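Shared chain: subunit A. Partners: subunit B in the first complex, subunit C in the second.
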Partner chain A sequence: MDVPLPLTGEKPRSGDIYRPPANLDLLHLPVLGRLLRWRWGRLVFQLFFFAVAALVIYDGFTGPQLAPENSATVLAWVHYRGYVILALLLVGNLFCFGCPFTLPRTLARRLSLSGGRWPRPLRNKWVSIAGLFLIFWLYEWLDLWASPWLTAWVAVGYFVGSFVLEALFAESPFCKYVCPLGAFNFVYSTASPLQIRPREAEVCSTCVGKECVNGSATVPGCGTELFVPTIRSNMDCTFCLDCARACPYDNVALSPRAPLEELTHDRGPARWDMAFLVVALTLFGISNAFGMVSPVYALHTWMAEALGLESDGLRLLLIFGTLNIALPALVVFGGARMSKVLGGRSSQPPLLLAGRYAPAFVPMGFGIWLAHYGFHFSIAGLAIVPVMQSFMLDHGILWLGLHPDWGTSRVLPQEWIFPLQIGAVLAGFFVALYVLLRRAIRPGTTPAEGFREILPWALVLLVITIVSLSIFNLPMEMRGTFNLGVR
Partner chain B sequence: MHPDTQRSVRAGTTAGQLVPTCFTLLFFVAAFGCSGGTRRSVTIDRTADLKLEIVELQPDPPVRGAAVLVLRLSDAEGRPVTGASVSLKADMTHAGMAPVLDDAEEVGEGLYRMSFEWTMAGDWVLTVSGTLEDGRGFEHVLLVSVVGQGG
Partner chain C sequence: MKEWRVRPALVMLFLILALAVPTPVFGEGPGTGGRQIRLEDEPAGPYLLRVVSSPTPPRVESLYLEVRVTEAASGREVTDASVWTRADYEDGQAPSIEVEAVHAIAPIPTEYASHLPVSRSGTWSITITVDGPQGQGEASLLIQILEPTSISAFISVGLPVAGLAALAVIFYLLQRRYALTSD
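Presenting the complex of A and B:
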């Protein structure tokens, strides 16, 4: 590049200063950028997902109650989960971006009182952790994925929850503090390749209105109250792009970042709730997969006989409480304590160590969820074709043919799926080790001290990998669902 | 930025407007959801006089892997129904697994044989459907629990 250098003693003019080429900004791409920045740009995507959610509710309540033939169960438990995990891997938090549950939320905002603040003791991730626990427990106990009717009720619950909380509080507490789907997406978007940033930092420093967070006369500010120049993480970012639309200087970019950039650097204050959420989500991934293999039935039988627990729900509560509450607590608090002991004189307080090393569980958890959700999407991703054919026929519409082609189901050949699952888990493990190592290297710590510090975390990751591979290697089994009133 | 800043776009009204809206909406959804009316919740059977029995299911009890199902079709008087075209669609009770499909072969008077594979242990819904020689269609549903290889 031919850049004229200023002569010594001469004040450089702005045009003379070398600036590195700007990062690719998706918001300034010819067509996509214009659509995304358009005031109603998000609404287009939300309306699409709203139509899908409406279909889930309608078909769930009125359609065939055989799950593989109903769009509610197929869309929610095959497509939503497959879409979310692939979008997070390849782009970012695209579900929150098009979230249909926030459409009535906007109505609630307009109807609401001035709105109080979300209670200070709840301004953390503990409520969403409880929400995740509840949804995963209900999922296993009530076999939600085998029941279109219950799946429809879950969707209704999301709409009602979002609407009520938005009506009662000034910020968007549903997204930031409550929504289990959001918590999942926030955590794994920290591994995603896109992030919101300012185009020019100095523009933000002289900005008076801070419209990106406060909102402008026509566009709301950030619902989760993130301030663009201070964003270092995708955590809590719904990708709604209200910040970009509200910014009067057109100074907000949606740019790619280096792979693992966020995970390999400390990007926020160390918090127990954040560390717990990340580790718990990894273990939720294991318990969710464990609920679909035969040893879980042996465990149920043993619990019924040895502990006298007759209730299926109670047994699952105990299993989930152990795997998803007690075990993550042990890993986070025990791991941090062990890290401190092993790290020696240069080690930090346990909270800082938990905050430093828990993000290594993001790629591990991601690998497990990708293996699980990817499996179902690969096996049944195209099943939506005959399901929609059947739906149309039920309504007298013949556009998609006279007979549903139930043989259409697989996206990938069967023999590819298991190797891909193994690859996903192993990739998650090795990336997690890399993240640990990168985070261990810091000024004032020798490599040996850093290595000792990450040892307990690495061991836990190894055990998780072995357990995950063992579970995915077992044949699947799903029993006890005939009480759902199939047909 | 201080989070207590009042949003300029929020147009405040009263709780008196909000609460009835919420409850009206919820009422309609709940009424819809609890109505229990499904579009296709019952077996389509235009041949009420037709009987379908399982003559043979191998292995028994069903185990993950290859399986053979032989069905007998008979009319109200017990006479075998021949010449029907019969097919099977076997689904797990949950979403996310591929269905198993097979066309039956008539192996005797009113006897129809299907060979397929239980691809996973668990609860299966077998939908046997077909067309009789006179063009009438029928559909019957059977529920089968399949255990793993180890029982």
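Presenting the complex of A and C:
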């Protein structure tokens, strides 16, 4: 098997690879390290999440269809999202690590007959972007948040999608090229504090088998085909730790790294799809929050009356298409072009400029998602207690009491939540400016040229921040009602 | 190696067919983060009530209630009752509000819903009265209403603009130092 090139498509140069200092290796901590490196270590976590997914499917199909009373909707739309964003902030891509949807892989691999490779034109993030668009659009159109039944079908869809792609192709394209959840986690794990790295670079340089990517006799290699000594980003790393288990030299470490090290590094993904994904996810964050406040209903009414769009799906397609496809395209391609024009003589081609400055949208998007998902988790995180009480009672189990305590809901005091939301958005903006600053200063470019280069991106980030703060300032609407008489 | 052929036409066909299906603007079921169960199978005379409030947290001018009425004896859902919701301010002086809960605005068509435009923050006592074929019933609960959120223009616009201005100042200083060192 060929060792894959890093994301930029450039050949790795030994001095060009960021490696966090070997100050701590989580894989060699006394208990945790042994568990993580244990051959079935990941399976333990996956089985836990598999049990959760099974509960989502079972309760979604058979339980009460009132969303706040059903574990499918509460676990998927409150806890999963809160868990993911907090895990990414504090640790890393822990959902992909414990992803239950990849569990049926072994069976799928045995069924695999074709051994085909994922089509070359699709070896990028465009399919993931389309998947993200589809899931966010369906979320609003079909009100997935309101339907335990549909939420259960989403979980089933993930299992089927992962299984089918695994069975059809020799590699694991679902995680790397298709999964919308994975795309979200990959992007924001670039701001996470942990990264896979080699313990000793020299060991890798003399390694013949390259088991970390090719696999050993008993352990598969990296499913997304990352080669440990060339890893310079958390992008595409599922934290599965197969590389660590496969390495015959025990030379793979999971280490903390300096905050923002990856984002401020000057070797971002010089690919249009990557730049688009990062920017689009930020704007997905805005449109997702926008869907919960009253102006969106006014917009729906206007579109129905002025444009004659009677179909809810079409209206949402237009809104989401504008906010999440047209606008990111304008920002990425227009921003890169403007950077080129303003940057002057020393400026780089637009593609390189997009790759250089789009990562500044990672902290911005992170702040918006943290404010949004953190809000739901803060006000409803403990709602799982009465939901599980109710679930047990429905099944004749009295262990958790006879009366669900529906008053149990908030994780944080109410008065903390709004300031924390505002703080998250503002922090995201300031960190984004810092990332722009660090990326703009480079040899061969004067600070004035660098400033002109980042100006379009900084202005877009400014507008995004003001819009986000305005949206979070609005009260959440009572969704699922007759609002404005448009049905 | 075999290449997998994509059929974009099939995907487009699916999307077009899906879009052709008429759907309501907003869903028929209550949400998760926005809704909170306040009472579950609460006795109210011959009935049992489930009361759900939204949004979460409820704020001034923005309190919605959804009420499901079932017969306590048979468990049958009651859809032909008259349901009234009343809000009385507990923390001081504010006019009471009484609104009929109706099917027309209920996300779940067999339930009853009402919008109570509570005028002040604080504790409100909510009373739900049901008058149906089996007789009358009443249940009460307390709901805490919060002030609407608000951030000043200084925070929502001033701070971000100040951040951008600070960035410009940093670059100005860097440029000045660059010019001095290159001279």
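We adopt the following convention: the second predicted complex is superposed on the first by the 452 of 487 C-alpha atoms of A that agree within 3 Å, B and C clash if a C-alpha of one lies under 4 Å from a C-alpha of the other, contacts with A are read in each partner's own complex, and residues count from 1 in each chain.
In the analysis below, a contact is a pair of C-beta atoms (placed from the backbone, for glycine too) under 8 Å apart; a residue touches a chain by one contact, two chains touch by 3 or more.
Bear in mind the structure is a predicted one, so any value in this text is a computation, not a measurement.
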| item | value |
| --- | --- |
| Superposed partners subunit B and subunit C on subunit A - clash or fit | clash |
| Partner chain(s) touched by A:380 [first = subunit B, second = subunit C, both, neither] | both |
| Which of subunit B and subunit C A:141 touches, first, second, both or neither | second |
| Subunit B versus subunit C as contact partner of A:220, first or second or both or neither | first |
| Which superposed partner A:470 touches (first subunit B, second subunit C, both, neither) | second |
| Touched partner set for A:122, first subunit B, second subunit C, both or neither | second |
| Which of subunit B and subunit C A:346 touches, first, second, both or neither | neither |
| Contacts of A:458 with subunit B and subunit C, given as first, second, both or neither | second |
| Touching partner for A:322 - first (subunit B), second (subunit C), both, neither | neither |
| Among 5-13, 23-31 or 59-67 on subunit B, the segment whose C-alpha atoms clash with subunit C after superposition | 59-67 |
| Contact residues common to both interfaces of subunit A (with subunit B and with subunit C) | 65-69, 73-74, 77-78, 114-115, 117, 143, 145-146, 170, 376, 379-380, 383, 406, 409, 475-482, 486-487 |
| Complex interface listing, subunit C residues touching subunit A | 1-6, 18-40, 50, 52, 54-57, 59, 62, 64, 104-108, 113, 146, 148-151, 155-157, 159-161, 163-164, 167-168, 170-171, 174-175, 178 |
| Contact set on subunit A toward subunit C in their complex | 65-69, 73-74, 77-78, 114-120, 122, 141-143, 145-147, 168-170, 292, 300, 304, 310-315, 317, 375-376, 379-380, 383, 386, 390, 404, 406, 409, 414, 418, 422, 426, 429-430, 433, 436-437, 440-441, 446-448, 450-451, 458-459, 462, 465-466, 469-470, 472-483, 486-487 |
| List of subunit A residues in touch with subunit B within their complex | 57, 61-70, 73-74, 76-78, 108-115, 117, 143, 145-146, 149, 152-153, 156, 160, 163-164, 167, 170-171, 210, 213-221, 225, 227, 294, 376, 379-380, 383, 394, 406-407, 409-410, 475-482, 484, 486-487 |
| Subunit A contact footprint on subunit B (complex, rising order) | 1, 3-15, 17-18, 21-22, 25-26, 29, 32-33, 35, 37-43, 64, 89, 91-99, 101, 120-123, 125, 141, 143, 145, 148-150 |
